[in-house]
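To start, the structure itself, in structure tokens.
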Amino acid sequence: MATGFFDGLEPVRFVGPDAKDPYGYRFYDKDRVVLGKRMEDHLRLAICYWHSFCWPGGDPFGGDTFQRKWMAAGDPMEQARLKADVAFEMFQLLDMPFFTFHDRDIAPEGATLAESNANVNAIADIFEKKMAETGVKLLWGTANLFSNRRFMSGAATNPDPEIFAYSAAQVKNAMDVTKRLGGANYVLWGGREGYETLLNTDLKRELDQLGRFLSMVVEYKHKTGFKGTILIEPKPQEPTKHQYDYDVATVFGFLKAYGLENEVKVNIEQGHAILAGHSFEHELALANALGIFGSVDMNRNDYQSGWDTDQFAMNVPELALAYYEILKGGGFTTGGTNFDSKIRRQSIDAADLIQGHIGSADAIARGLLAAAAMIEDGRLGGFVEDRYAGWSKPENAAILKGDVSLEALADRVHATDLEPQPKSGRQEYLESLVNLFV
Amino acid sequence: MATGFFDGLEPVRFVGPDAKDPYGYRFYDKDRVVLGKRMEDHLRLAICYWHSFCWPGGDPFGGDTFQRKWMAAGDPMEQARLKADVAFEMFQLLDMPFFTFHDRDIAPEGATLAESNANVNAIADIFEKKMAETGVKLLWGTANLFSNRRFMSGAATNPDPEIFAYSAAQVKNAMDVTKRLGGANYVLWGGREGYETLLNTDLKRELDQLGRFLSMVVEYKHKTGFKGTILIEPKPQEPTKHQYDYDVATVFGFLKAYGLENEVKVNIEQGHAILAGHSFEHELALANALGIFGSVDMNRNDYQSGWDTDQFAMNVPELALAYYEILKGGGFTTGGTNFDSKIRRQSIDAADLIQGHIGSADAIARGLLAAAAMIEDGRLGGFVEDRYAGWSKPENAAILKGDVSLEALADRVHATDLEPQPKSGRQEYLESLVNLFV
Amino acid sequence: MATGFFDGLEPVRFVGPDAKDPYGYRFYDKDRVVLGKRMEDHLRLAICYWHSFCWPGGDPFGGDTFQRKWMAAGDPMEQARLKADVAFEMFQLLDMPFFTFHDRDIAPEGATLAESNANVNAIADIFEKKMAETGVKLLWGTANLFSNRRFMSGAATNPDPEIFAYSAAQVKNAMDVTKRLGGANYVLWGGREGYETLLNTDLKRELDQLGRFLSMVVEYKHKTGFKGTILIEPKPQEPTKHQYDYDVATVFGFLKAYGLENEVKVNIEQGHAILAGHSFEHELALANALGIFGSVDMNRNDYQSGWDTDQFAMNVPELALAYYEILKGGGFTTGGTNFDSKIRRQSIDAADLIQGHIGSADAIARGLLAAAAMIEDGRLGGFVEDRYAGWSKPENAAILKGDVSLEALADRVHATDLEPQPKSGRQEYLESLVNLFV
Amino acid sequence: MATGFFDGLEPVRFVGPDAKDPYGYRFYDKDRVVLGKRMEDHLRLAICYWHSFCWPGGDPFGGDTFQRKWMAAGDPMEQARLKADVAFEMFQLLDMPFFTFHDRDIAPEGATLAESNANVNAIADIFEKKMAETGVKLLWGTANLFSNRRFMSGAATNPDPEIFAYSAAQVKNAMDVTKRLGGANYVLWGGREGYETLLNTDLKRELDQLGRFLSMVVEYKHKTGFKGTILIEPKPQEPTKHQYDYDVATVFGFLKAYGLENEVKVNIEQGHAILAGHSFEHELALANALGIFGSVDMNRNDYQSGWDTDQFAMNVPELALAYYEILKGGGFTTGGTNFDSKIRRQSIDAADLIQGHIGSADAIARGLLAAAAMIEDGRLGGFVEDRYAGWSKPENAAILKGDVSLEALADRVHATDLEPQPKSGRQEYLESLVNLFV
């Protein structure tokens, strides 16, 4: 291709399950119809800009390993254009339908916010043209309110209202760009919206600031006619010691407190779920139960590491359970599956970047197929329905309707000296059943 | 004393900070006035029945080590009466103002719920008399909805509505007893209100069941004129893999979803905070910020153990931070400091049981004194106020009032090319300041 | 069958991968030859006595849920015989080649150790007969030195030498029984060999006690001519706060310190690896690297629970990585795959007990098949060999032989201004490669 | 001072416990005699170069916040000299006796290793002069074998022997510099000596490489006559997924395997202990028990964060337990207390850097004083001695000497139907006792 970065790498296409080499999709077959919908439309896979094109391979103990040419010294806008070229080459090489980005991923920061915005908008012009040419779409955009030192004590939750204002101005531009590019969603991840120590923090005040900020975003969305979904991405900590958007349940309470539960949904990340002490499927199931499921940042956290490892998801049984929850909830609407995944810092070749996406897309596709098979089989779902069948009886349905008091239930129990007997939860059977499909 | 269990142990009284032996209160001086209130009235210390008198010293890998005489074979009600005698002897030995219990702690389960209730009520008669004699009060009562096998798949969240009904009937009696004994609060801890596997669970349905159950409890409280506070005690897991009342933020969202946020507060446990990935002071501060702080289950979780270790709280600097949050929120109203703490299973002597309470009461008292000193000093609080001072300016206060839009803020930023500069958070200074007082 | 416990359950046999019901082995095909050996001989599956027949379904917050008839009141030896009958019925129902037990699992404790030993020996007589009849073999025996209160402060590491002596006497009998029954190994798990607090512990002394105890066991093994392997089972904690046999690396250092590294090997448990902060495959690989790999306690720890959950292993990709390490090390000799797995406490039916073993045996078989395929394919192993190929050059091989000094290497570097270039570690490629086989 | 960096900050000196401001030592009184030795000589406090002068305040999600002038663009050696000036100003401002550094902390990397070494040596010339002028001494030096991309797959454990050679050459120079500056120790921290995935790793081979490397270091030490101690610093993970020097027990096993247990000791870090699942005092006690205790990297890990937070140690009771173990083992010989602690990235002022060291030095001093008081009091130590007193009886001492067999002990037990009774471990008493002194 034109940039030469992927020289020697063939376009990645469906090769079927019998292929003996992992370069090629063995299961990700975009046109295959699953539960009445094309696989591509089910999964809505997106490549993220930050991990793939912006992260240089550094970690807290070591510098860059990747040394991409667009990260070298040079005119920053020139480099941003080269990066955009490489990005779209990769989208096409992998035949992926979507991408995602932060404003600062795509263009350099200028001397003022106006200059920074102009940089972002200039690259967005290029994106607009490339998207039209290639058919690649934007799953979501977002603003980076965490890297610059001005955000060190928060963006919306900063003790300094000037930084709140600055953040608002930056988000406005990111939302404008996202709308212009037809983004299906707009995401807020509050990496600095938390605290390092309670000793210098007024929790109540910061929550109110965050609530107000989010309300302003929602108001602006409606004013501009942006049709996408506003998404919050929960994470318990890192970089801050404690982040306000800890997990799905915390975000739900926050939305309820500020009357935003019908306006905002969640973008759930596997790695963030793990760091918060939950399984990924828990967070998905809970978001569905609470009516705020939106989208997925797909990756895998190393179970032995206490930080966000953002590895490519590769464990098919785990992915099957995740898509089972997603499909049970009706699947994605505006959301999708964003590869919030990065190659390891020792994986320094362009081929590694491609292979990570292939391997994970395939594992995801297998997860989806297994989940669909579990739904079609029906035994899992049927077991659950049977388990709660007693609640359909009129006298029990009345309890949930609020027609029965504590005393009335007590009377019912004592009238017959009721002694209910436990029934097996059959977990091992259900786990064995799942293994029929993965 | 009459039971002989504490033979050889002297009544524990204030001996002053210079005492050279840890048997005696060096800092817990109940009549000492701190910030205008007696220390006893600040702390409202309570001894719990379950750890002190019911737990036999067993763990998942080993049987009983304590071999208390009231746990030996014999007539269960006779043993329950002996246990009550020992309990009140201990309350007086330690000169503690409150106690707490589960229904099943104080009396044996009968063949039917009616019989079980009768057993509970019979012991409550004894309590009533002993409380009048000794002046010891009830901080709170609760129902054990987790030990019996009927609750293995939940109480209020059980798939079987009969178990929901049974639970309601049991709670009704526990609430009646708590009211009769003048309990200052009634607590619900949902040890089985969660799931072991999502594969057999309907999350939405179980949350609705739990919401309905709690509403029934609140309705019954008002109907009976019980003046105490209804408290939920968050815990993330153990014994279940995932408990619905995960942490303070989760409980808040749950209360909001069912319209109970003005009716129910939280009873926060140090160990549960740790298991949920939070510091104790975080949970306290958050509950205050959300307006749902109620009471405290005081203990300490071993930082290297992944289960609920319920050790006696002994680390003064940590306790100082906890009471600093409690005092900043106005202190306890109906709530108090319940020793949800157990001696180690190798601490098999009666003296160990007493020493655990002495040592922890003293550490708690030191924590309170340090917290009060921090408040009186004022530098910590003043630092925080100064940090957010910018929000008092009219143009910034207007933001939080909702009078300013995203676009208006963007205009403000661009008008002056605003570039706000970060200010030091001074964490090390604040931590050093705290160390002046502990 | 005679006891009636498994009434209604059919013998479990190989039914092939296309079976639509999880009752039956779809992949565990004992006679299938894998890498030149029968699958049964590769895996050497064993059913454990404690989880399957002794655990009543209790946990720290709740009582028994299983209510097996052999756990009911009655003559303890009568019940032990019934339990033995049920156990052998299950071994045959599942067609498993091995079993494992603690002395206290099989027979009740008596008034003296002599009586306890007599009880054990009486049941061993029964075992002997049943083993001859059924062909079921003993993978290993062990002594329970943790449940009785006398061991609360340790067995071999107890501050009281009388408890050390008692433990020695009990182990002697357990070794005798194991030898008599043709056990392939003898295991020591030191659940109480650790400390609850350093404040009352002399670490050095306790390590010496443990070293001496283990030496006595080895000496006795040789004296009696027992041909099995002595195995230590590492675990970091639980029930104790800190256990001396923390993990494989710790055990290795301990064995080296007491000169036992050629006499004792490790029995590695998945759940214990996880609790110690390692992956299962790490512990297996390390044991092979250190030359002390012995056997496996197979289960799965819930990744979100901080205690030993001992679930049935069901995740095939994880099992594939485990058996890949085992096969690379040459596979089992005297060791095997012991199901140290328990059904959930809500799985109260006999069918659950069977289904757990079926589902896990099948997942294990799939893991073995995938591992074998990875080895036969050769690309994974070849990649690793190539990666270290530079060390075969004579000048580099000389380094490891000890023939080159720090200064000589420095000279070599400076002579050519050596600047070695990093090469990709290709993790994503390797993970994708693994996914070809699982 | 000359550089102006600390303008406005007064020299920090002992002001006594009644001081009301945290700027000044309230407890760190260097000349105070504790257990017969000056406090300065007990603690041997050292300021580290990397956190204080090299870390720019970045984290994985955000850039530099500190913007120190010596980190700005400019001639790197000029900046290195400015940094050295600031460093020694700080050593004197704080009146600290020692410092520590990595080679790359003090001087920039050149185009070749020879050039890099020359840079290091040039700064060492400056150090030599400044040390003579100020009396500040070097606690230890070390080589940075982790930041440059060449080390991404390890230094001594790299699959590429050229990187092993390069590392050897770099370490040689770092050892030479350390010797020249009179360093009391030389440290090796293997941040990249581990693996990211087992799939590309030959564990056995890498351990052998590491063993050989360490042996070369020891040989070179003896050849050059360096009198300092060679120290390994254990850490379980981060940046690598799994580091070979996991914890003290693992390092001990490694040293035994390569015959280095009498040549190399450990430098124990609080944060690394926590990440490995241990308490700090455990690692200290174990190192003493195994005879390999060397030195301490003092800091504090946030208990809720799963990465290395390197905060300033401020919790006095925890520090008291740490120094209690250190003093029981005889205290430091060549080792000392290195502040491996960094101010938070929001603490951007020079005053924060000073305050962090003051606050922590004071907390450490209080920890030492408490530990000394515990030792002088004698009750803690006496309790432990009494607990094991039974082992002094001749028949029990004989067991540890190896004069008694398993059978002989069994005979002893059966002869008297021995039934040893458990004794209380009295943990709550001991914890209360500790609280008399902190």
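Each chain carries a letter (A, B, C and D) given by its place in the written order, and its residues are counted from 1.
Just so we're on the same page, a contact is a pair of C-beta atoms (placed from the backbone, for glycine too) under 8 Å apart; a residue touches a chain by one contact, two chains touch by 3 or more.
Which chain is which protein? Per UniProt: A, B, C, D = Xylose isomerase.
Here the structure is a predicted model, which is why all the values come from computation and not from measurement.
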When you check each chain against subunit B (Xylose isomerase) and subunit D (Xylose isomerase), which touch both of them? A, C
If you tally the C-beta contacts for A-B and for B-C, which one comes out higher? A-B
Chain centre separation in whole Å, for subunit C (Xylose isomerase) relative to subunit B (Xylose isomerase) (CA means): 40
Measuring from the mean C-alpha position of subunit A (Xylose isomerase) to the mean C-alpha position of subunit B (Xylose isomerase), what distance in angstrom results? 36
By the touch definition above, subunit C (Xylose isomerase) meets two or more other chains at residues 65, 149, 152-153, 196-197, 237, 242, 277-279, 304, 344, 346, 348, 422-423, 425-427, 431, 434
Can you list the subunit C (Xylose isomerase) residues touching subunit B (Xylose isomerase) in their complex? 57, 59-65, 67, 146-149, 151-153, 191-192, 196-197, 237-239, 241-242, 275, 302, 304-308, 344-346, 348
Residues of subunit A (Xylose isomerase) defined as touching subunit C (Xylose isomerase) within the complex: 20, 22, 26, 65, 274, 277-279, 303-304, 312, 314-318, 343-344, 346-349, 351-352, 355-356, 358-359, 362-363, 422-429, 431-436, 438
Using the touch definition up top, name the residues of subunit D (Xylose isomerase) that touch subunit C (Xylose isomerase) in the complex. 112-114, 149-150, 152-153, 159-166, 168-169, 171-173, 175, 196-205, 207-209, 212, 215-217, 219-220, 223, 236-237, 242, 246-247, 249-250, 252-254, 256-257, 276-279, 281-282, 285-286, 288-290, 321, 325, 380, 383-384, 387-388, 390-391, 393, 396, 399-400, 402, 404-407, 409-410, 412-414, 417-423, 425-427, 430-431, 434
